[in-house]
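Chain nomenclature is as follows: A, B, C, D and E, assigned in order of appearance, with residue numbering initiated at 1 for each chain independently.
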Amino acid sequence: MTKTPHISVQHLNVHIGNQHILNDININIPDKKVTSIIGPSGCGKTTLLRSFNRLLDNTPGVSITGKVLVDGEDIYDPKAEVTHIRKKMGLLSQRPYPLPMSIYDNVAYGPRIHGIRKKQELDQLVEEQLKATGLWNEVKDRLNASATRLSIGQQQRLCLARGLAVSPEIILGDESTSALDPVSTSIIEDLFISLKEKYSIVLVTHILRQARRVSDYIVFVYGGKIIEFGPTEDVLLNPKEELTREYVKGYIS
Amino acid sequence: MTKTPHISVQHLNVHIGNQHILNDININIPDKKVTSIIGPSGCGKTTLLRSFNRLLDNTPGVSITGKVLVDGEDIYDPKAEVTHIRKKMGLLSQRPYPLPMSIYDNVAYGPRIHGIRKKQELDQLVEEQLKATGLWNEVKDRLNASATRLSIGQQQRLCLARGLAVSPEIILGDESTSALDPVSTSIIEDLFISLKEKYSIVLVTHILRQARRVSDYIVFVYGGKIIEFGPTEDVLLNPKEELTREYVKGYIS
Amino acid sequence: KRPPVIAPADDVEGTINISGAFALYPITVKWASEFKKLHPKVVFNISAGGAGKGITDALSGLVDIGLASRDIDPSEVKKGAYTVYVTKDAVVPTFNTGNPDAAQLLEKGVKRDQFLNIFVNGTIKSWNQLAGKVAAPIHIYTRSDAAGAGETWAKYFGKKQEDLLGVGVYGDPGLAQAVKKDPAGIGYNNLAYLYDLKTRKQVAGVHALPIDVNGNGKIDANENFYSTIDDLTAAIADGRYPSPPARNLGFLFKGKPKKKELVEFVKYVLSDGQKFVEENGYIALSKAKIQEELKKVQ
Amino acid sequence: MRRRKAEELFFKILMLIAAIIVCGSFFLIVGTIFAKGLPYMNLDMLTKTPGGGFYIGKEGGILNAIIGSLYVAGGATILGLLISIPVAIFINMYMNGKKFLSDSLRVAFDVLFGIPSIVYGAFGFLIMVYFGFRASLLGGIIAVTLLVIPILVRTLDEVIGTVPLELRDAALSLGATRWEMAKVVLRQIRPGIFTAILLSFGRAIGDVASVLFTAGFSDNIPTSLHEPAATLPLAIFFQLSSPVEEVQGRGYASALILTIIVLVITVLSEILIKKFSKHKS
Amino acid sequence: MQIRILKDKILSKLMLVFTLASVSLLLIIGIGLYVHSIPILEKSSWGTLVTSSIWKPLKGLFGFYPFIMGTLWVTGIAIVIALPLCLLTALFVVEYAHAGIRRVLVPFINLLSGIPPVIFGVWGVLFIIPLIQNYIAPHFVEFSTGYSVLAGGIVLAVMIFPLIVSIISEVLNTIPQELKDASLSLGATKWETIKKIVLRKALPGIIAAVVLAISRAFGETIAVLMVCGNNAVVPHSVFDPGYPLPALIANNYGEMLSIPLYDSALMFAALLLFIIILLFNIISRLILARLERKLTS
């Protein structure tokens, strides 16, 4: 927390319909670290994560107040360019959702949208990102096959490669391993750890053990509020708040 | 494994379309113990579990050969009575699916179709099962509310209570905690452990740590075949097979 | 108030089932209700559905009377169709009152051959081939549905409805409407659609296109009977208006009717019943024709 | 970036225009019918049968057609439900995964769905003549039932498809028979059944071609299944072909009545659907 | 216990009977129509009936070509008008409209689906015909009465709006939000996401919607016959009148069904419709199955 924060959330409130989902959130997500968001089901973890890249905007009936500064710029400023903000952040969802096209096109999709048309340049990018996620050797002979042919674990890595191809600064993951078997899970976890050299990473997870394995910082959310935020070991092993202690007990038992 | 097995699978082969999903399965599920089925995604865990209570029958294009003996009786015998077999086994799916009726009626549904009509008897049964799953105190004031109003964790316990109400002998669970938060998960896990006094329990799980916590025996399935079967500690900590070792490595790391 | 009708010892009773042409349906309902006043024990079941349906029903014995508004096909006669004509209506050629040559057209009229060349041969394409100088093309409208009106108009030339040229429009009112909206339009209509039954005058917008019956190139006094519906029906009744395009409408039986209530009903229709005909836009049969038809049921 | 934004804006505007056209057509139609029909609307239209032949007479109303239509559409929908619920259940729950067979059945019902109502009407009439059956309320109900069965089967089939398989498994693993499972599923899809009823009733009450030859047409309210019955769409059709302007006006008023009936049914069913969705999460 | 299972067995048999009975309707109709078409098929061959353009039934000349073409024109025009409008509307409703607007729009589309064909026909005569005659046609042709395949197509298009919109909306709703999120978070605009991802994923569903709409449009009778001119001539432009098969049956059946050959000809028209719809459904199924296989694997 010595560096300047990468994402700084200030007095964020989110309502959906007349429900108050997030309640006065204030947090600074550190740069080039892994931060995990934990909390019971329905506490607002996903909502918080989605507020970072303005995906919340598409939710029916949502109203958002407060600020989210990314690199010092308020993304909820009406003048802010939403596609630009989103390009900065790669999203990895719970289950992999490959786009309905070939493996190659999945990775090339983002760069193409942002104007890269040259075949050579694209080829290079695709290869680079598939290598970064360890997929290259597994798929290099069938780049034109449909992405849905891959196993779930491979699909999830493909989605990560796809996100990395638009050179984001931040990676957001929402329970990105919960559909995977242990082998695939540990590959993804290792990837997260290796990627934090270049990216800031925010993960939502239910598995406290995973949070411990991969993250530097932990945010505990409960009932739409941030209860505790601090370095991993502190929050998991030595929580300050009663609520946190209660929650992480399940992890210790 | 000293007692007689509760379920005995002999040379079970399952094809769906022209895919060979389960390949010559032979296994004896012990009585009054928790047995966990583990294995990578798509290896056939769910299929194996569903073969135990003949839910596979409804899958389009399925063909099944071999025997599954429950209490010594072959359930795939054409003369076997399928509703009777199913009544013997409670099923708990991945996400809770409450029946479209009130909390009370959900639990009373099974007993009612099996001929219990007396209000008093039903009341008692419902209370008993809701207590067994620790729900009674949470819902006793709103037994007539729709079951969908409950939280996911509560719904899952309700589904368990519903299954117990027809006094099964075996409980089958397919990743029954994967949609739940840690608190609800540990409640359900504790329930499984306490229930094994009266029931034989078979669980499918991805979480090796969970398998370790709750189960007495572990079956490792890979590519439609049983690779290893034995007491929990043996399989997880001291696997005999190379494939198993590879798979549980993720757990140990 | 009238004193109550003392019913004579009434031995006319039974059920009469009727179905068929829409053209005859309304007047038949009227006749039935009047007949019921005289013979309360008779029950009517009247249903509309088209001439073909009525004929099929009658020939297969499902109903007693089929209402027929078209020619009976030889194949139907073979099956035992037996027709008694009960009233008439007529088809009149029409054009738009806004036609630039309207005055000359009314004065000169149109000969049968000219109609034939417009409606069937298609050799007359422009209004100035009939009268006047404006070379406006003739827009022909015809009935799209198989209908008595179309058939009768075609029969004027010895043809069938399918031989008529023009844009098909559904139903009598549709055809009237289409001509009313198009200054260059020509069509034909049952006369009830051309006259207002209250004022007895021609409706605004469309006009009967007079037929030059004797072919002398102008409409003589005895050819000029279009101003009111009553003049026209009189002309039809005494034959000054050619037939076709006037036509007889009939009751169709399977074989000669025998049942007493049927015979009584037909007799009623051909006698007292005729007085309801004109107020409803139909044309009464001539005395001679009535006698001829009455013979068919005796 | 500018170009990408402009493209989005362009299509957004197109979408808005399209939505306005599609919804606007509703107002245009209802507006036209109101404008034409309202001047001729009166209480008699709703409460009296036609006096002196609907075609000539200007008295009375079209009560016979309103009742006839309700009889025909109601009867056909009930009869259709009685047949199509078992069929939909059978296809989905009793065919034990014989995919080819159940898919073929679905194609068959799709084809039946596509068969024009005029063919059902004409065909119904052929059968009636064959059996010596006069055009009657019963004939109309049967022809319209043929018409709505595929609609009902298809809709119910779709709705049943949305019920999660796990719910069926849950019922089965409690020892329920397939029929008992079917009852749970039926409960779950109650709102869907309402949608199906609405669709079928709407189609049944508005269809002309299937009743043209089968139901007959009469000025009286039918008192038994064997009497001919008038229906609203036919009454509209006939009145509009009358030479008398006033009767044509009554045709527009009848059209207005039919439109209002259909709209009321639609709105009612939307409300019912909401009410019955209680147990769905 | 025994009783429950017996009940299940009996009901299963009963349902089987119901299912077979209702499906065999297809067979019965097919055979029935064929049997009634035999008299005309004995007089002329399939080939001449379908390709000849001369329709003089009372002279024994039965050419169905104009009617087949009339059907195709009207249906084609309806789809060409309705598909883009409905696709855009569905996209608007599902992807762009605010919840409030959606709550207003969707009921209107549902209401539209309830309006009976006669009403569409009446509206067509009162509104579309004058519109074409006075405002549209004069820009293209010298004169049109308004009664044309275009009028039929427009009325039919409006009739199938709700069907297409609701099916496409349903399809769009089944596309997982996560998939759209995936594209959006790569920095794609919403429109790019729709164009490249949503429409692609929805393609089979859209095709299915069109198939259903075409099936419906083929058979629509009353509304179309009131506006499309019903001239037994092959149309050459959208302003020409046309005469679809269902209109042919409705117009003539009630009047002519007691004349054997005419009756048989009309039943043959019904048989043609039946065959077209049968083939169309089967072919489109095959195409759809292939497409889905291509997209999913």
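In this section, a residue touches a chain if its C-beta (ideal position, glycine included) is under 8 Å from a C-beta of that chain, and two chains touch if they have at least 3 such contacts.
None of the values given here were measured: they were computed from a predicted structure.
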item	value
Chain hops separating chain D from chain B, counting only touching neighbours	1
Chain located farthest away, centre of chain B as origin (C-alpha)	C
Selected interface, D-E versus C-D, where C-beta contact pairs are more numerous	D-E
Rounded Å distance between chain D and chain E, as computed from the means of their C-alpha atoms	17
Where chain A and chain E are represented by their mean Cα positions, the distance between them in whole Å	47
Distance from the mean Cα position of chain E to that of chain C, given in whole angstrom	37
Shared-contact residues (touching 2 or more other chains) in chain C	49-50, 53, 56, 174
Contacts with 2+ other chains: residues of chain D	4, 125, 177, 180, 212-213, 240
Of all residues in chain B, the ones touching two or more other chains	83-84, 113-114
Chain E contact footprint on chain B (complex, rising order)	81, 83-84, 113-115
Of chain A, residues touching chain E in the complex	53, 55, 58, 60-61, 83-84, 86-87, 89-91, 93-95, 97, 99-101, 109-110, 113-114, 146, 148-149, 159, 162-163, 165-166, 172
Contact set on chain D toward chain C in their complex	52-57, 125, 129, 132-135, 212-213, 216-219, 227-228, 238, 240-245, 248
In the complex, chain E residues that touch chain D	4-5, 7-8, 11-12, 14-16, 18-19, 21-23, 25-26, 29, 32-33, 36, 84-89, 91-93, 96-97, 105, 107-120, 122-123, 126-127, 158, 161, 165, 189-192, 212, 215-216, 218-222, 246, 249-250, 253-254, 257, 266-267, 270, 273-274, 277-278, 280-282, 285
Complex contact set, residues of chain D against chain B	96-99, 164, 166-177, 180, 184, 187-188, 278-281
